[in-house]
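Note that chain A is present in both complexes that follow, paired respectively with chain B and with chain C.
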Partner chain A sequence: MGDSLTFKIVLLGEGCVGKTSLVLRYCENRFVDKHISTLQASFLTKRLNIGGKRVNLNIWDTAGQERFHALGPIYYRDSNGAILVYDITDEDSFQKVKNWVKELKKMLGNDIALVIAGNKSDLEKHRTVSAEAAEQYAASVGARHFYTSAKLSKGIEELFLDLSKRMITEADKRGGTSTVGRKTAIVVDDDVAPKAQSGGCC
Partner chain B sequence: MSYDSASAASLSTPLANVARRVNNPVFRCKKPGCSFYGNATWQGYCSACYREVHATPVSALASPPQLQQSPSMHQPQYHHNYHHHQQQQQQASPVHVPVAAPPPRKPTAAAPHAGSNHQNANTAYSSPPSIASILGSASSSSPPQQPSTRAPVVDDANADVGNIFNDELRKSETSESSTAKSVVERGVDRLLKAGASTRIFNYLRRGKKSGEDEAQSKSANNKNASTEPAEEPPAKEFTFHDFLTDMKKPQAQDLVMQTKRFIENFSTSTALSSEEQSESIQIFLQNMGNRISTHPLWKNSQQEELENAIDGIEKYVMTKLYSQVFSPSSTDDTAKDELIDQRIRRLRWVTLGHLGLDAMELNEKCDEPLKAAMHSLCEMDAKRAPQDKVACIVKCSKLVFTILQAMAGASHAASADEFLPVLIFTVIRAHPARLQSNLQYISRFCNPTRLISGEGGYFFTNMCCAVAFLENLQASSFKMDEQEFTSRMNPEFEADWAIFANLPNAPSGQIQHDNLLLASRLATRQQASTQSLNDLRASLQGVIQFFESFAPPLSQPVALPLSQEPVPAQTESSVLLDSLA
Partner chain C sequence: MSDDLDYNLFWQQLQHQHGALYDVAQTNCYVICVPCTAVWAGLPLTVAVPKPIIESHILKPSPYFHGTFHSSARGKEHIEISIEDGHVVVQSPAGLDGKAALTAANVKFTAAQSVEPFKAKIMSEELFYNAQYKQFRVLVLQDTLSPVEVAAFRQQNGLGSSASSADKSKRMSRVHEFINSGGARDPLIVRKTPAAHAEFLEAFPENASAIASATNAIQAFNRGYVLVKGYLEHASRKVEMLCEQFYADLLDGNQLFSSSRDDSKVQDAIRLAAESFILDGIHTKLFSALCAIDEEADLQLHHRLAALGPLLRPDHLGIKPQFMCDLPDALKELSRLDTLRTPTEKLWCLKDTTQKIANGVAEHFAAKGRSASEAVVTADELIPLLARAIAFSAPMHWQANVEYIQHFQFTGASVPDLNFAMVSCLAAHSFLQSPPLLKMTAGLKATSPEMPRLSRGASVTAVRDVSELWSNSEPAGSGSPASGRRADLAGSSARGPGRSLSSLSRANSTHPAVALPEDALSDLLGSSSISSSSSSSSNYSSSSNSGSSSYRTYASPNAGVAALQRRSTLPTIRPPDVISTPPIARPSPSLSMRRPATNVLQSSPGDGGPDLGDFLSDTSVSSSYSSLGR
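Right, the complex of A and B next:
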């Protein structure tokens, strides 16, 4: 294990904004699935090496439909980072992002690194979410904003790299408690897990 | 042969199918006049005719592997009709009848058969599948590397079995027409002639054993050199059994003692709350984990082996303490179980459409994985160790992806948007026992590392989400109006649905259920319309009565004032009559 860090990243966003395409493009470099190697795109992992540090990203996709909205806290507890995806041609999806940010801040405080992704940047013509407003909003909540296109494979590497770097900084700040070495993780989670669990269910 | 009719007549009714098959000429060997049965592997021939058709030695070598693996299948038939195929045997020797040859023998031709030796050969060769292994060992110890110093004398009582095969192999290299099989066979022939049948088996056994030894020493070497971990790409799978074996070693005595003491102490302290139990066990397991990672027994072990040991301790402890810590009476787990149980029972009408996957439909390809997913979910309750329970959830979840793939086509990577609804659907269908207790147990006692990272953690979280959704769902969760939701959630509806609960997940069950729903709605409407009809009838009665109150004066004869003059209408009508006339 050594100094390898494991991070949990949740992927939040309304249905149809392209969460799945985004993460598939990043982890498998695929857009149109011709040669299927995975059955699923809901739990993917990626290994990185950033500045000599080995980093494992566990990327958790979440169900984005409104009916499952209340389940959010169960998904994103203990996560180190969150990627909030919206569709630049869909104003509603951006509003959803704002809701999630509010929730995340309430539940996890500032411990979580946030990235907002304006996906489908290849459809610039049909843009309805103003670029200025989106970037301004991101800055106001301490998140980075990226334009991504899963179709053209743009901005995705940068997004994950930036997020990883910020999670590493965050982990260093806390003295490495987020590393998944067994010992530290056990101490951290011992009293957290059961409580958060019961809180999430009720 | 009279075989057909005799066998067909003696067959009893349950075997009628078999009789049909037996008598069906389609199953016969393709070769006209042959009375054996053919099969697809032999291109419709029986094995003997197949070989006859493909008589060249090369094709005999390239014949299907089944030939070497289970030659005994055809053997009895062969005995029945020994002479039938004798001629063909000489062209390409069959593997399954290695028979001692008479002394004068051409080196290139395969063994001809001597009837007198047949019995003998058969007893010596009662387990023919080892032919393949003879072949393997004969060719692996190739002659140039191990030159035989002994002359290949056939009747040498001390003839080394291996050498004889090597010798035959060498011969075969010089004559291109012989096959590997004939090499083996000739070797066997020679040995049989030398009365060395038992030695063949010894040779085979030794060959197999030495192979194993080699593998063992190889792995031992790897172990010694494990300072560079994970040298071998196919990492060894460590099991609970490996862990128990390790624990039996004297060096592990301290760990065993400590574990036993902990279990003893834990069992006597009964007044612990579930949180305290969880904490106590987690701290113990954490300590044990620390000790194992620095323990001399695992000093040179790889990470996987270490983790296996840590998991092993968890499994051991949790299995021992299961009855004490699973759904303890100090918690409300049982009550929660009942709640979710009732919920699921009343939700049997839920379809994928209700969960938002309108575009997807279960097809027959989904049946298998759906059943398997339901099964592994139900299996969770039977497992004791938290890691095994999580493994059940993971297995179920992976099968859910298989279902999704069956519905959406192969080129589809399912996202959580589709996964969660189908998982919920599976939970409803599976209706697993003590669901909440199991989830609570996992979250209390499973290794937390497992639960916050890795796919185990992800799928467990999804399962918690599914259960949370089922617990909290309302009409809006199904985008359904309140009234319909309430009517569907009432116990009567549940009873109706229970009729179909035992049906497989075929769409027909769904249709029946929908029809039932429709019928019940129609019944209500009919009742309402009967009611309003009665109302209408009553009010109509009132109207009639009202009008009848005016009726008597109307029914009185009224004296009409008649004029003296004839009525003009009459004249008019007479004019009309005139004109008509």
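Right, the complex of A and C next:
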């Protein structure tokens, strides 16, 4: 009903860079009494309305521990967007972002909109990743770079808004569908009766 | 979000019938208050809401006082409105309607009420951006700000001027009651048992013909359809056609259903009920056949997991010490998987398992007196906890269940959180087979003080028995370096290669701590060196290695099984195998690793089942894990 789009966003980054805090901050609903502790933080949803378009964001958190790295493809399959999070005080976490970008580019090509988040921007005095290098790198891979602070709730809405706008643009290019990378088998079967009008979402 | 604007009469009317008001509101970033869907219950989305009601709920900021608003409705601009402590507060005891309106409506105030401001609780807020990407607020309220006007509007519309409209409204409300009683926003995820779905459909006498046709189709399917190994896609299409036909018949025969074609929420609920009815009817036939197809793989998997469960320690799985706790509810939920009849129910079971893990962790933290904010279960916690639950519950028909869900679930597959739960379970299951984990768990003792033993699952005896099986099923002369060591394990060398899996049935006995050699346990749990041809491998493995990251290739969940099948002296299964439908049950002590007994089942004439030509021409069988999110 209405002009509605659903996007899958995958959240990637090393453990302890604050990616879960970032998305929890974005998705928190201060008017809901139920505490977040009874909810899983690994899958969150957010509804946006941008210029008259209803946008449903399904945000898939991924495990940051190295031991789970190989499970990444299961999670980022069919994603419309990816948020790659690093900690501005941890150079290694930025290198991990670069690795994820390489992998995403290799596996999904340019079908996926990328955003890089330099998190913990409240710890500016402990920064080890230079702002210039991070922004240059982001530009070189076609990603937007944002500084975020889950602690201070800074930069997060801007990040998601930008990502959503880019995903909408991509969806418009595809003719208004948010579906990417789905493998559809076309089956010709003369005996198949005409199907009723399909409904449902996505 | 606890209310869906897509199905909210006020919101729909504002968007489509009062677009000019909406444009002004968003251009000027006014606050829009939307009375929740329950306020409009029983009213169709097409009923025109009077403009004054709409205007009453569009709040302009006061030019004089920050944080104070005024209604856009004519004659109500003088009433001050504020947003405080999760409520929209109107500085008038009667809301925006004024005391006079309430008096006219015979509403009497007590002395205390007459001085209290009117409050409407804010249920949720959505993020809105206008065309200039400026934010404006949309608040969903538990109540209307104009109670008298809305009450009068409700009375005038839909709730009964003529007998026929009253009857239609009552019957329609039955549909909405069914949809909303699950407490879920999305009709696709309404929690209903197949019996409840059937009851809903049977509640409308005009559905009788469609139900009779569906029942005949179910009987024909059960009587004659032949499920062929490797041709699940064909069966999937066949079952989907049955569901679609039933849905179409329901719409044809029920004017109430067909008249709400534009209401996707109602249509999805009907479609889901139809699917549930069909799948419930063919469950025994279909799921038994799937169990037969996957019997060997599932049996091996069950015993491998049953053996692994008691050996696991938190550090093997990467569970942080503070998250280590018993999760009996999650285990109990997961153990229900085999007993549920429809794929949607099974999908819900997986979702509930993940939710109960989160709940269990929260309870654990609370019991320890720790802050609830620490008990957030992220993916780093969920995967290992889920892996542990799967290992401990050692499901009997994991592969059959996965295939059943992936191939025979048509309506709810695209529901994101159900999809996420499914993917998480597959990821956790894959993690259990990962070489790093296998390496870590090799050589450990079963009586770990850190990991409580659960009643379910096999003991070390079973580990030894399975390892014997692996060593003994090595084809003669294959001569792998490990085979000699495996043969020596636990004194098994005296056993012959033809030994069946019957020894595994002794899994319930207990055994003191036994240390296993690293390679033996790795082999037992599935060799990492196996390049599986299983259909499940494609989406599980990541073989890319970029930069400094150590990407690894995981063996597929069936890699060990595939290897066992290759090593086994049992005859090779030749496609197309036609599977009989044995009863679903846990293995008896006499269970042996026999292949399914039949190669061909006869299809009854005229039963609508596939013929051999269909099977031979069907090459669209996809990876069993690639159909997620279809």
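By definition in this document, the second predicted complex is superposed on the first by the 168 of 202 C-alpha atoms of A that agree within 3 Å, B and C clash if a C-alpha of one lies under 4 Å from a C-alpha of the other, contacts with A are read in each partner's own complex, and residues count from 1 in each chain.
Here, contacts are C-beta pairs under 8 Å (C-beta built on N, C-alpha and C of every residue); 3 or more make two chains touch, one makes a residue touch a chain.
A quick note: this is a predicted structure, and the numbers were derived from the prediction, not measured.
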Practice prompt. May I ask you to decide whether A:R67 touches chain B, chain C, both, or neither, giving the answer as first, second, both or neither?
Written response: both
Worksheet item: Once the shared chain is lined up, is A:D78 touching chain B (first), chain C (second), both, or neither of them?
Response: both
Worksheet item: Who does A:L163 touch here: chain B (first), chain C (second), both, or neither?
Response: neither
Item to complete: Would you sort A:S42 into first (chain B), second (chain C), both or neither based on which partner it touches?
Response: both
Worksheet item: Residues of chain A touched: more by chain B or chain C?
Response: C
Practice prompt. Scan A:I88 for contacts with chain B and chain C and give back first, second, both or neither.
Written response: neither
Item to complete: Could you look at A:K8 and tell me whether it touches chain B, chain C, both or neither (first, second, both, neither)?
Response: both
Fill in: chain A positions touched by chain B in one structure and by chain C in the second
1, 6, 8, 15, 20, 24, 36, 38-43, 58, 60-65, 67-68, 70-71, 74-75, 78, 182-183, 185-187, 189, 193, 197, 200-202
Fill in: Residue ranges of chain A in contact with chain C within the complex
1-2, 4, 6, 8, 15, 20, 24, 29-32, 35-43, 45-52, 54, 58, 60-75, 77-78, 95-96, 98-99, 102-103, 106-107, 157, 161, 165, 182-183, 185-187, 189, 192-193, 195-197, 199-202
Item to complete: Please name which positions on chain B make contact with chain A in the complex.
Response: 275, 278-279, 282-283, 285-286, 289-290, 303, 310, 355-356, 398, 401-402, 404-405, 410-417, 419-421, 439-440, 443-444, 447-449, 451-455, 457-459, 461, 464-465, 467-469, 471-472, 476-479
Discussion item. Under the stated contact criterion, what part of chain A meets chain B in this complex?
Written reply: 1, 6, 8, 11, 15, 19-20, 24, 33-34, 36, 38-43, 56, 58, 60-65, 67-68, 70-71, 74-75, 78, 180, 182-183, 185-191, 193-194, 197, 200-202
Fill in: Residue numbers on chain C that touch chain A, as the complex places them
1-2, 5-7, 12, 15, 86, 122-131, 133, 135, 138, 186, 188, 233, 237, 241, 244-245, 247-248, 251, 261, 264, 267-268, 271, 318, 354-355, 358-359, 362, 365, 372-373, 375-380, 382-383, 411, 414-417, 420-421, 423-424, 426-427, 430-431, 434, 436-437, 539-542, 544, 546-554, 614, 618, 620, 622, 626, 628-630
